[in-house]
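These are the structures in question, set out in turn.
Paired with chain B in one complex and with chain C in the other, chain A is shared by the two complexes that follow.
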Partner chain A sequence: MEKIITVKNLKKMYGSFEALKGIDIEVYKGEIFGFLGPNGAGKTSMLEILEGLRRPSDGEIHMFGKEVQGDVLPELKERIGVVLQQTSFLDHLKVKEILELFTSFFKKTLVISDALKMVDLEEKSNDYPENLSGGQRQRLAIAISLINDPDLIFLDEPTTGLDPQSRESIWDLIEKLKSNGKTIFLTTHYMEEAQRLCDRITIIDHGEVIEMGTPEKLIMKYGGESKIDFACSPTPSIEVLKGLSENIQRIDDHCRITTKNITKTLEDIVLWSKKYNFSLTNVFLIEPTLEDVFLNLTGRELRE
Partner chain B sequence: MKEIWFFFKTHLLSDMRNKRAIFWALIFPTLLLFILVLTFTNMGKSSLNFKVIIINEASPTAKGVNYANSLVKAFKSISYPNKGAFFTLTFMKPDNINTAFKKVEYSEADIVIVIPKTFNLEVMRSVLLSKVGISFASAKINVFYLPNEASSSLAQGVVQGAMDEINSYVISKLHYKLKTFTIHSKTIGEMMKSPSYTDFVSPGIIVMGAFTSGLLLIAPKLASMRRYGIMKKYASTPAKSHFFFLGFTMSKIFTMLIQYFLLAFLAIYVLNSSIHILSIEAILYYFFICVAYVLIGFDIGSLVSGPTAVGALTSFINLPLEFLAGIYFPLFSLPWYVNIFVYANPLWYSTNAMRQLMGVGLSATPMWMNILVPSLWMLASLIFLSTRRIWKRS
Partner chain C sequence: MKKMKILIKETFNMFIRDRQTTIIMFFSPIAFMLILGFVISGISGGTQNVEVKVAIHMSNDLQMYKKALESEAKKSGFAFTFVRSDSELKKFVSSAKTQMGISISSTALNFFYNQSFGQYNNYLLILQNFIVQTVRKRMSGIPTYIQVNPISIKKNSNLTVISFVVPGAIAIAILTACILSTATTFSKYRSNDVLKRIRVTPISGSVFAFSIAIHRFWSSLLSSYLTLVASELVFSTLYNVNWLLFTFMISSAVILSIGLGTIFSIVFRDMWTTLNFSTLLLTVMMLFSNVFYPFSIMPDYMRTIAYFMPVTYFMKGLRYALGISPMYGWEFMAINVIFVSIGSLMMIVGGRSMLYLERR
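Here is the complex of A and B:
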């Protein structure tokens, strides 16, 4: 597969503080590459170096097969789109006027109405961004990043602070961009977002890569066991429950079994309930997530 | 190049739709000009203190009785800072007679009194001949004034009166039989203009408006663009930083030019001022100071990013510089430690220059200083700006 970004031993120092301690990554054409980590892990530093907003202290960067030395070359900037963590726009300008300004920076650009159509904002072209909702503003930020029809798009925590509905619409949009052949470099601290969108993930903490791979493989390797929650009536005694599994615990009015074999355990629960004449209610399957992967890798929650 | 145009266009649009920017750039200076003119136009009109320039051509170190020096002393005794003073005296050398005339033409002085070279001799001759009863022409002093200017004519009359008093004193006390001194009044020519308070204050308000715009249109905008990542967003594109600075600066200077013409037209057509708004020198100088003030605005915007900090810093710089620029009233008799700030204040030089270039009067400071001091501020601002990371990568 064609490599779009190759980073070797990338370091970034802020005075004596080492924000990035030798990062190695590769990003392939057409994939959504997730760069995950808690706040302060170094995600934004890494992203801003790739976007040309910060200089690395050490290391090598290749983008579209060209070595980036010093400043990111204008011809590379022509091929990238950037959505920063902060979504702010120049005051008192209409949506289309902001996009017009950005079209002037690039040699090749989309028609403004097409860019707005991609993000479902074509009816808002004469509105002021301050009158748009949070989700619409974020979609406008994405439209700006798309104005040069980039091959590579950097998205820095694109759904932070958005309500679930807006988040869902941004996810749909990112998936649409991927289906249009764009390569996406995404940073997030939402594991759900990474799990849904990313083809491959790199997890960083304290400026170091702690693991990388596909979400499925990472979960399989580090996610731990699945959990099955259920409630039954009448409420069984602890002794009866222990007859079902040794890995069972009662949490308030329901029970939780931890297992590696979900199918077998589900069968056991059904047989057990029939044997004791319990009626099962509210059976839930809780599978391990990237959150668990991070917890197991670092010993702490992602948003601690 | 199209980037410059788009930066210019979008930032200008953004300002023109911003009520706060419109208020500070256009409405506030207009209101201020109105309020100042309406409040102070008639102030000081009843004063009987005349600005008199004395040029003593007679040798001040002449042997024997120096009548010229005695006459000067007599004038000093009825001049500022003495109580009930009629005159405020300025002494100039004979070589500067044309400058003195200009000052009268521009109403910076009311009359010019020239004591001729032969004055001592003429007085002596007059005194001696008078003693022996021979009548001879009395000694002359020349008074130059503008007949069509009220205060100049009045001053000429007052000097005439003072000379009559001196003659009476001489006749009664020394028993001379004839007038010792005669006034020869000469007109200087046409008065250049009659600078009203509107004339005086308008160039200053124009300068103040440019300075306020430089600070208030640029510093808060730049600070918020830095704070909210707009500068970062620009930097992530192939847009060139100098194109941004050019387009952004041009949009502000364009607003300042609108401000210039608005204030000038208001002064002329509403407040009856006679300033020269279309003077090419004045417009070029205004453009020059706009660039200097824009750079000062850039400095502040690059220094702080919080809106409160920007507001505090702009007020801290803006208010003292405006008050010590002689915009509203002429600056004189200030303590030395305040004068230090005045001499370093680019607004003072800009105001002085604009007054001269708009035909209101002679600049209180030489024109080369009026260009040098703002240039030094411009240079210092540029040097400071080059150390700030507005666009550069860190």
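Here is the complex of A and C:
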């Protein structure tokens, strides 16, 4: 697969504080690459170095096969789209005018109506950004990043501060971009977002890569066991429950079994309920997530 | 070229819809001129011709021109007292019998002021210009040392104190508007991360800065024409305007001001510091320059400071273009060339640095 970004031993110092401690990553064409970590882990520093907004203290960066020394060259800037963590627009310009202004910065650009259509903002083209909702403003920021029809898009925490509905629409949009062949470098501290969108992820903490791989593999490796929650009537005694599994516990009015073999455990629960004549209600399967991966790798919750 | 047109069009939209900036750029010179004009007319009867007593000593070899000078003065509404020697002339001035003394010989033309008549200072400068013009016109061939450019004062026109102050109002308002609006616009773009966003695109900083600056340029030019017209309508100033020179002078001062504003926004990265510094500098420039009083009557220490103030030279050039102050042609050209060169350099360096400094 074609490598779009290669980073070797990248370091960033802020005075005596080492924000990035020798990062090595590779991003491939057409994938959504997730860069995950808690606040202050070094995600934005990493992203801004790649965008040319920060100087690395050490290390090598190659983008589209070219070594990035010093500033990112204009010819590379022509091929990248950027959504910064904080979205602010030029004052006194309407949505379509902002896009038009940005077309003047690039050699090759999309037709403005196409960019607006892509982010579903056609009806808002004559509105000022201050009259848009948070989600619409973020979609506008993405439209700006797409105006030069980039091959690589950097998204810095694109859904932070958005309501669930807006977040969902941004996720749909990012998936659409991927299906159009774009390579996406995404930073987030939402594990749900990374799990849904990313083909591969790198988890960083305190400026160091602690693990990388596909979400599925990481979950399988570090996520731990799945959980099956169920309630039954009448409420069984602890002794009867222990007859079902040793890894069972009662939490309020329901029971939880932790297991590595979901199918087998579900079958056991059904047989057990028939044997004791319990009627099962509210059976839930809780699979491990990237949150669990992070917890198991660092011993901390992601948002601690 | 098409891209540049789009850039200029959209930055025009940004400029014209920004009410605060457009009011400052378009109307502040007129407002400033009107306020200053009415204040001056209230204090000194500025719209009335002032009776100034002037003593003149002409050397013996020029006595033949005495009548010519008297007649020229009469036509223009001036009255002179002729004295016999330079020492008598100085006595007249120092004892306040006259506000000004003029010594004319074939080798020198000296003006003596009595600084206690501060309220007439502007008027005296106008008078000084009249004398220089008259001597040049009526005594041609004799005082060849007076290398002034031909600026003729309109006969019987209302050359008053306000005529002297209006260019000051235009200059200060334009400098204020251009420096403040440029500096605060770029500082604001920095603080709300707009510059950071532009930094990740291929556009060069100087091109972006130029697209923002160009609208300050034409609006200042337009505003200065309007102010001049307004001053003629309200105060009957009736300048003998050389429009080409006037346009040159305003343009180069605007370029310098925009350059200064760009540099300030880089040096003082926070918007409020930029604003405070710019305001302080403009206040100093106003006080220590020839905006409100002529250079020639300033105390030595003020004059030394004024030498370093761009507004001093802007004022000189502007009054020359309006036909109320003498100046060498080469001096006018030099001022414009220096203003444009330094202003352009600051804009280019400032524009580039502006985006460059967004990389931390």
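Everything below uses one rule, namely that the second predicted complex is superposed on the first by the 304 of 304 C-alpha atoms of A that agree within 3 Å, B and C clash if a C-alpha of one lies under 4 Å from a C-alpha of the other, contacts with A are read in each partner's own complex, and residues count from 1 in each chain.
In this section, a residue touches a chain if its C-beta (ideal position, glycine included) is under 8 Å from a C-beta of that chain, and two chains touch if they have at least 3 such contacts.
Keep in mind it's a predicted model, so treat the numbers as computed, not measured.
Annotation: superposed three-chain arrangement on chain A; chain B versus chain C shows a clash.
When the shared chain is aligned, chain B and chain C each come close enough to touch A:Leu53. Shared-chain residue A:Asp91: touches chain B and chain C both.
Applying the stated contact rule after C-alpha superposition, one finds that A:His254 touches neither chain B nor chain C.
In the superposition on chain A, no contact is made by A:Lys21 with either chain B or chain C. By the touch criterion defined above, A:His189 lies against neither chain B nor chain C after alignment on the C-alpha atoms of chain A.
Residue contacts after overlaying the shared chain place A:Glu78 against chain B and chain C alike.
In the superposed model, A:Phe106 lies in contact with both chain B and chain C.
Judged by the touch definition given at the top, the superposed model places A:Lys29 against neither chain B nor chain C.
In the three-chain model built by superposing on chain A, chain B overlaps with chain C at stretch 98-106, while the rest of 62-70, 98-106, 134-142 or 332-340 show no clash. The contact surfaces that chain B and chain C form on chain A in the two complexes overlap at residues 51-55, 71, 74-75, 77-78, 80, 82, 84, 86, 88-93, 97, 100-102, 104-106, 144, 148.
Of all residues in chain A, only 48, 51-55, 71, 74-75, 77-78, 80, 82, 84-86, 88-93, 97-98, 100-102, 104-106, 144, 148 touch chain B in the complex they form.
Interface residues of chain C, counted against chain A in their complex, comprise 3-4, 6-7, 9-11, 13-14, 17-18, 189, 192-194, 196-203, 358-360.
Listed in rising order, the residues of chain B touching chain A in the complex are 2-3, 5-7, 10-11, 13-15, 17-18, 224-225, 228-230, 232-239, 393-394. Partner chain C is touched in their complex by these residues of chain A: 51-55, 71-72, 74-75, 77-78, 80, 82, 84, 86, 88-93, 97, 100-107, 144, 148.
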